[in-house]
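Below you'll find the structures, each written out as structure tokens.
You will see two complexes here that share chain A, one where it goes with chain B and one where it goes with chain C.
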Partner chain A sequence: MSGYAIEAVGLRRTYRSRTGWLRPQRREVEAVRGVDLTVGNGELFGLLGPNGAGKTTTIKLLNTLLIPTAGTARVCGHDVVTQTREVRRRIGYVFGGDRGLYDRLSARDNLRYFAELYGVPAREQKRRIAELLDLVRLTGREQERVEGYSRGMRQRLHIARGLLHRPRVLFLDEPSIGVDPVAARELRRTVADLAATGTTVLLTTHYMAEADELCDRIAVIANGTIQALGTPAELRHHADGRQVLEVEAYGVADAQLAAIHALPGVREASVTVTGATQVLTVQSDAGVDVQAAVLRELDGVRLGRVTARQPTLEDAYVAIVNRINAPTRPLEAVGG
Partner chain B sequence: MALFRLIGTGGVIAYRALFNWTTPSMFIGSLLVGPIFQLLFFAYLGRQLGVADDRFYIVGNAVLAASLSCVFGGTMAVANERRFGTLGHVLLSPRSRTAVFLGRVLPYAGNGLLIAASTLTVGALLLGLRVPVRALPGLLLALAVAALACGFFGLTLGALGLRFRDVWVVSNVSVALLLLLTGVNVPAAGLPGWMRAVGEALPITHAARGARQLAAGEGLAAAAPALAAEAAVGLGYALLAAALLKIFEAESRRRASLDAL
Partner chain C sequence: MIAVGLLLHTKQLTRSPFEIATALIVPVVQATLAVYLFRAGGEPGRLLEAAVGAGLMGVWSSVLFGSGGAIQNQRWQGTLEMLMLAPRPPALMILPITLATAVTGTYAMLATLLWGRLLYGVPLNFAHPLLFLVAVPGCVLGLGMFGLLLASTFVLLRNANALANTLEYPIWLVSGMLVPLTVLPGWTGPIAAVLPTTWGARAVQEAASGGPVWPSLGLCLAISLGCLVAGALMMTHVERRARAAATLALA
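Our next item is the complex of A and B:
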């Protein structure tokens, strides 16, 4: 048997769609364009990438819901195309969001039904469900209909469902999306506990802090290919030789952002919006002080706090993902 | 044993999770009371037009009543998985699809039998139809066979829900076709040949014929061929549903045709 829990070689997936009846238009989208990765037994592996990068498609290829257009993948040594039943017995799947549960049923009945579907022996079901309700801290609320659950409670129930049959590999597709910070912290604790018990976890997330805290290794995927792969510490090297300037602002225009991006020494510039505040993040070469030039470009914009700091994993991620707009985009494997 | 649990326990939980009409008001209003008014409508219309006697309409509409929960239930069994976003999790089950979905048919068929028996009883009481007591076991059998055949017919429609998003259109049309083509309200002799031929392949047609023979006191032996034909139609739909579920699931993996998650 293979030493890896997950192996993918040259995995590709093209979606073909057709719209219109009289004059049909066909469209092809290459969601995954040759993904190679291996995940060791018991490893907690992160798959990071922007929206539409191919994360969920990669997971659906690995968990048997989709067939690859090209390439191969094996989970626990079993081929995901031809040995679906063997693969399904060994995997659990959890995804983020409000859906995916039977709203009219209680948490207990949701788990009872999926225990039947996932082949949990009858004599074990009651004990296993009680264990899992306890693990995800839903004991005492298990008789309530799921339609009344908060998003955090639903997420925890998703995790319980994914673990019913003691899977060797657990796919977590953005499990903390839309969950409040306290619930997200609880989720992270649950995921860390799982990995500690030897379950292999493949986690996709948008949250760098989550990936940094939990993952043994991280692959950054963008535009359907893996752009970088390594431990969180190794990935941070992608931002080596840079410094970061953060400026709180109110009303930065696109033209000003473009002008900042064009300043000498500036490598990345982006704006994120938090409530009424914009946060302008500028990555620049470490030896170049761009603060004065940036503030000059922001003339007329109301400004708040201005901070200079060292790059984080998130800055490294931004650097990796933004590189795909460059004309050439070689795969960089940093250690690991 | 595990297989029986999947079919029995799993089927009942899935029914509670996916059937829209489980609340008392919906169940009584849509499934118990509605068919009785439909029966009365056709019975009085039949009297006015002199097409057939009350027995024709009472028995025919009682058998037809079995179809309502089955046709829509079968559709809900798949379409509501899409609604709740649970279809992907069901398809990730390593268990037999046939067993999973067969289990879903049985509660709907049970529902159908209950509704048909209730419609027959109330219709007979309201319109004064006397059914021989010795015919009752046979009538119950006819209604049970009809309900089961309808259950598999509904599951076939549900299977289409794996491929086509707007499967409710198919269910609505199917209910109208059952009303028209199965001879429950329009005597088969009055239909064009091709409609009669289509009706022969639909559930209810043969069960309604057998049930009328039983209600007329002809005995189970006389009704047996019609009931056997109904069972054969039901079996045909069971096989068709199993095949479609397999084909459409395989296709969904190949073509990503399901918005599975």
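Our next item is the complex of A and C:
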């Protein structure tokens, strides 16, 4: 058997669609353009990337839901195209959001059904379901219909469902999306516990802190290809030689952002919105003080706190992802 | 697994407010249509036949829209991918759904008869009451298996409901659920002969009004079994195509 839990070589996936009847127009989108990666047994591996980068497509290629246009992938030594059932026996899949459960059934009924589907022996089902309800802290609420559950509870039920058959490899596709901070922390603890017990986890997320805290290694994917791969510490080096200025502001216009991006020494500039506040993040060459020039460009904008700091993993991620973008294009909001 | 799936999918289906509203209204409408149709045709003596036929239409609608709609619903709920990820033949994932739609359709039959009795005084004088109790579940089972063949087609289509709509009336018409096959054009004969709905409907009608039930029921189940095998093979093929065409999920 292979020493890797997951191996992908030259994985590609093109989506083809056709619109119109009289004059049909064909459209092709290359979602994944040659992904190579290996994930060791028991490793917690992160796949980071902006929306549309190819994270979910990659996961679906690895978990047999999609067939690759080219390339090969193996999970626990089994080919994802020709040995589908062998792969499915060994994997669990959890995705974020409200969907994927039978809302009008109770949590227990959902788990009971999927236990049957995933081949959990009948004599073990009751014990296993109780064990998992306990693990995801839904004991006592298991008889309630899922339609009455909060998003965090649904997400925890998703995880319980994904673990029913004790998968060797767990695919977690943005499991913390839309989950409140407390629930997200609990979720991270659950994922860390799983990895500690030897389950291989492939996690996609938008949240850098989550990836930084949990992952042994991270691959940054953008435009369907892996742009960088390494431990969180190694990835941070992508922001070496830079410093970061953060400015809280209210009403930064696109033109101002573009002007800041064009300032000498500025490498990246982006605005993220949190509630009513904008946070302008400017990455510049270390040793070049851009603060005065940036504040000059923001003349007339109401400002809050201004902070200079060292680059984080998130800054490194932004640097990696923006390397492939047009040089003059201001950064989009990252995260969310 | 099929039993647990059938039970839980029936539970899921029967808790839908839309299903409940439909179940309350449609049988009344169907019973009314059938009774007035036969009265207008000057055959008031065949009201039981009319009510049974209307009930069968309810079972068929439930299977047809259930098979198409249930798979579409699985897509909307995000559960279709989770079902297909199970390490089982794809047909086994879908069969409990189509059987559940047939089981919930049985309610339409019972409700139509009940409303026919209460509102229009349709006499419930079954020629073979016990055989009727066998023929209805047999027919339901047959239609559930036939549903799998339909479902295997529906998996590929993002707008499966469009196909379901076009199939509803022709099938119950050609199967002789309400109108005798003898009044239909000759070319419909061969189509009717290969549809399990024809033989299932005939078995139920014979149990209600008199006639040899077993041959019709046997033929219904035999053809349905053929549909089940064809549906299972097709489902395996279709599942692979859906993975290639990325039609399992909405996105």
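The rule is short, and it goes like this: the second predicted complex is superposed on the first by the 325 of 336 C-alpha atoms of A that agree within 3 Å, B and C clash if a C-alpha of one lies under 4 Å from a C-alpha of the other, contacts with A are read in each partner's own complex, and residues count from 1 in each chain.
Throughout what follows, a residue touches a chain if its C-beta (ideal position, glycine included) is under 8 Å from a C-beta of that chain, and two chains touch if they have at least 3 such contacts.
Because the structure is predicted, anything quoted here is derived from the model rather than measured.
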Overlay on chain A: chain C relative to chain B, clash or fit: clash
Touching partner for A:Ala233 - first (chain B), second (chain C), both, neither: neither
Contacts of A:Val29 with chain B and chain C, given as first, second, both or neither: neither
First, second, both or neither for A:Arg85, with chain B first and chain C second: both
Which of chain B and chain C A:Asn63 touches, first, second, both or neither: both
Which of chain B and chain C A:Ala253 touches, first, second, both or neither: neither
Which superposed partner A:Ala262 touches (first chain B, second chain C, both, neither): neither
Chain B and chain C footprints on chain A, overlapping residues: 15, 63-67, 85, 88-89, 91, 93, 95, 97, 99-105, 109, 112-114, 116-119, 161
Contact set on chain A toward chain C in their complex: 15, 63-67, 85-86, 88-89, 91, 93, 95, 97, 99-105, 109, 112-114, 116-119, 145, 161
Chain B-facing residues of chain A, complex: 15-16, 56, 60, 63-67, 84-85, 88-89, 91, 93, 95, 97, 99-105, 109-110, 112-114, 116-119, 121-122, 161
Of chain B, residues touching chain A in the complex: 1-2, 5-6, 9-10, 13-14, 16-18, 22, 84-86, 88-95, 100, 252-256, 260-261
Contact footprint of chain A on chain C as seen in their complex: 1, 4-5, 8, 11-12, 15-16, 76-79, 81-88, 93, 240, 243-244, 246, 248-249
